[in-house]
């Protein structure tokens, strides 16, 4: 039953370990190779004691160790900059790749350099890479060998924005995106400002004047809707591990029609739920699942507040990566992906 | 594939909602009926927005609504006292039952009354009920129509204690059980002392001089090991939602042999992991899974500290209930149960 | 030294207990009377075990018990609606009052009714009441017998907004206020949605389409600056006990001059700190103190993000109330008020 | 009024910053010098934005910078090993010292080496150093130039243990100390296992088979009571910032008399509260204060559970250090120390 072999590079970070958990429970995918450079040589369960099942006993490989031949697809959960080289190598030996870094998220190397301050080593691959916002890009994803998995913030913002932009109802010159993220989004580096005692019982904004994900939001909002937009994005880090809530302060025409636009867009989507009436989502209703929940309230004759929630490590990272891999491998898109939250 | 129908009574409490999540992802069980008296008539996803999939649209029934004929097994996640009546009724119409309350956990009505202050309404069912500590009672569970699902604290204490008691290596006159539980163990009642601001950033002991679960620990320790033991049990409530850690302060003979006894006992168990060497578990390594993790350190020539961790809502409640139901229904014991933790 | 007697009505809620703590440590104020209707007759330390010192042994009075003659000022920390009657009674027996409810925060009864849905019982007192945003209203506060203590959200928004409005640099037709509050702002009622397990590890928006504090922000922004403004306010509740962060998404002229305006306004204020450069505050840097910290970053030629932080129970409630009482009683404004945060 | 100058070495760790906060609010002590080697040259408020008042503008000195002449007493909040050298130097230039490290907590260099694995550089100072468990050692503290401030765990265990040991009512051969600590006790080092996401929503035991503080507990239990005791100590780290709860599982004679012994011992103590009846403390009732709260319940004819709570950074560190400094400087012992908790 588990007939397709995959590999994960960067297996012991937060996104990598979430990939392990999801694929371990996946009906068709099997983990054939795990790499984690700084932990190479160790048994997985000694590094990640939460992993159970047969995967627990696997030995971690170095980042450049050769992959088993039967591996069809590789998930790269590596820092930007480093990921590009691994992806290049994987494609070179005939593997498909879902890259969770930012290295292939931009259509051209100039924007990439503006956002990340790096010269892109393989600009030719940028043309080939497909942006993996699954709900809006299924066909391209199914037919590529390289998916750039979207950032968590852009996923939370674009899912509600794109349908409204396509409908032409938004004022596009000042779209305000105020996001709140759990701390796991900041990764697993040993930094003082990520210590428990520094984050617990506190909230702060960061990443101003322009967070890297603002470029990603603007580029793909335009690509999917045809409208040039100006995004003002302010991210905040919250005292919780998982979860992301994005509050969109929007202006436009006939906001009382927007709920219908969102409902119509997502009515058949297994992983996007538009809440009824003026109900607003909590991140608790999606944490542990691959779902995005969207709610909205009209606040004036030309204004509304739209709120979207997702689990930054699942729909915002590892879950959407598996969703994309399913498409790339010809599997059912929802295979192996949790639809219910771990609640409370 | 989903061929067996089940029902859940008390579906909107914390254990009930966890049952929904697990069964929704179960390969063979299907939810045919959900009851929640105080929420009867509502759509499930309006009460529990975290539930996705097809279950989300189900309507909640009253506690005494008739069950569909094809339901084979009922999970009762009701308060003690109330549960007994529902179980009696379910058995009367030919259903099997896994009761998550304390109503059938004691072998005789006198102990039940000592622990819970209630006269048992159906003492004859106490003889029939099987204590569902799966790892030590499989045959009886597979052959009964009524399982009393163990309490979370007893599960965490008995899993490591029983093998050591059976081996005859413990001093049984003063077994100290110091447990730390996440707040979800206290249930979903609207009480001031369970408010966020009253529990957050604090820890306290409670339930003294003798918590109800002390009777359960002593009764089943004796039943499974043949040794009469005296348990001194102190539970604490912690500022976290899920997870339970039990620290056993033990005296006895040749504590350097105990690790081997535990390893030998659980080496083939899918849901119990004995950590190597002096490694000690965190509740994070089991939260979200049906696993119990056990670690120990010898601290003197006749003393050791044994620590066990589990997710109080899964291996301590809904997960073990599904594990037992699997056995009662002739399914593979581990079907539908997560082995890896949701981490971080 | 402790020569002025005060009373607190509503002593066992979160704001009331914080008043006790502050006044106990105050060099000139002495607690002569504590009332808490639902707990009347009990010893304070049995209800609030965190209170130490001599206050701990005081007996709680009923809400309508007569006050000692020597009480000069009463703090009312009661629900809106109820507070008005207590304040009326206190003024009637010659006491000064600082009311922490919303009952006297609006200049006219019509706005009060729009925001709170209640007909005001004593509209004549609305003329007399002084809005206690200390930094902008000192003279009036020093000369009144009734201060309406501002709401926590309006305090956090108005402190940075008023100077910018007075300078005439803001576009006033759409001022976006996105606030994040700790759970203590929701009070101490035993409600399911305030339980630990419902709030922990989650964030959600609430209070839409128009939270009551939006009226308060607009009314006093206009009063202090002379400019009519339109506020779009979205509050969120966070998994932390104390702390409030307000993100202002602003448009206007020459945003590179705004930091200077804020610095100039607050340079001599003991309880407002404007952070240097592009430094942004965390709520951790003010929790436990009576300070508001303000930071800002210019994000475009006509846009900036301004962030303010305070402790919702201190500068947002009890601390500002003491600050106002100090003025009303002829004491040094900063007497007894903590300037440093409890960190970490 | 602020007539005595002090210095703090190691000012930017958690204990150091808490010293700053307490001394800033102290009526008689003034901060004349702050050193923090890794941050030397920076303005304090840029490193610790939570500090307000005039201290905020001070510049941090290097660890070996000369002290102002008028400094009478130095607090050393440095790692063990490093602290000894600073203390030696401070005494050499005529200063008094309160050392918050472990370097002078043991009476002889052999025990120190057993516990910390280091050869003591100045064993002659061990004779002179006074153990600063204030409630049991006032006279010696008032007459020394060097106080070794106790560890947080030993403070929480010894306060209730010493009176019971002196009364001769405890079985001393197996005193079980099960402690639960907030994460700030682990300090401010940038380590992966102290990251927010690694500690949040989890609990684990650590420090086995024998934590360093076990030696400290045994040594001073014997010194203050005359009884040789065997302590079995298991510490746990909890998902909260501040607070420590120690559960003592005790055997002995006539446990129904123990509550009276504790009450009698502490009845006049400003910073120790014995709770009435079977009331048990939460760490929330002491966090932010210099108090220790003690509760107990008799659980059998020869057993009882005693629970003590304190704020690990105040009564467990900086607060007790100030309490000791007050005695050494001839001030009122309670000067500048908070008696009420910051609650909720």
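Read from first to last, the chains carry the letters A, B, C and D; within each, the first residue is number 1.
Note that in this section a residue touches a chain if its C-beta (ideal position, glycine included) is under 8 Å from a C-beta of that chain, and two chains touch if they have at least 3 such contacts.
Everything numeric in this text was worked out from a predicted model, so none of it was measured.
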Report task. Could you run down the chains that neighbour subunit A and subunit C together? Result -> B, D
Query - Duplicate of the A-C contact set - from A-B, B-C or B-D, the pair where over half of the pairs recur - result: B-D
**Report entry** Reference subunit D; chain at largest CA-centroid distance
**Finding:** A
Requested in this report: Would you kindly tell me how far, in whole Å, the mean C-alpha position of subunit D lies from that of subunit A?
Outcome: 45
Query raised in the report: Just how far, in Å, is the C-alpha centre of subunit D from the one of subunit B?
Result: 39
Report summary line: dist(centroid_CA(subunit C), centroid_CA(subunit D)) in Å evaluates to 35
Requested in this report: Could you list the positions in subunit B whose residues touch two or more of the other chains?
Outcome: 14, 184, 197-198, 200-201, 239-242, 281-282, 284, 287, 344
Report summary line: The subunit D residues in contact with subunit A across the complex are 14, 183-184, 188, 190-192, 194-201, 239-241
Report task. Please name which positions on subunit A make contact with subunit C in the complex. Result -> 174, 176, 178, 180, 182, 197-198, 200-206, 208-210, 232, 234, 236, 238-243, 245, 247, 249, 251, 278, 280-284, 287, 297-300, 303, 305, 307, 309, 344
Query raised in the report: Residues of subunit B touching subunit A in their complex?
Result: 14, 17-18, 20-21, 24-25, 46, 48-53, 55, 184, 201, 241-242, 270, 273, 275-276, 279, 281-282, 284-289, 291, 293, 338-344
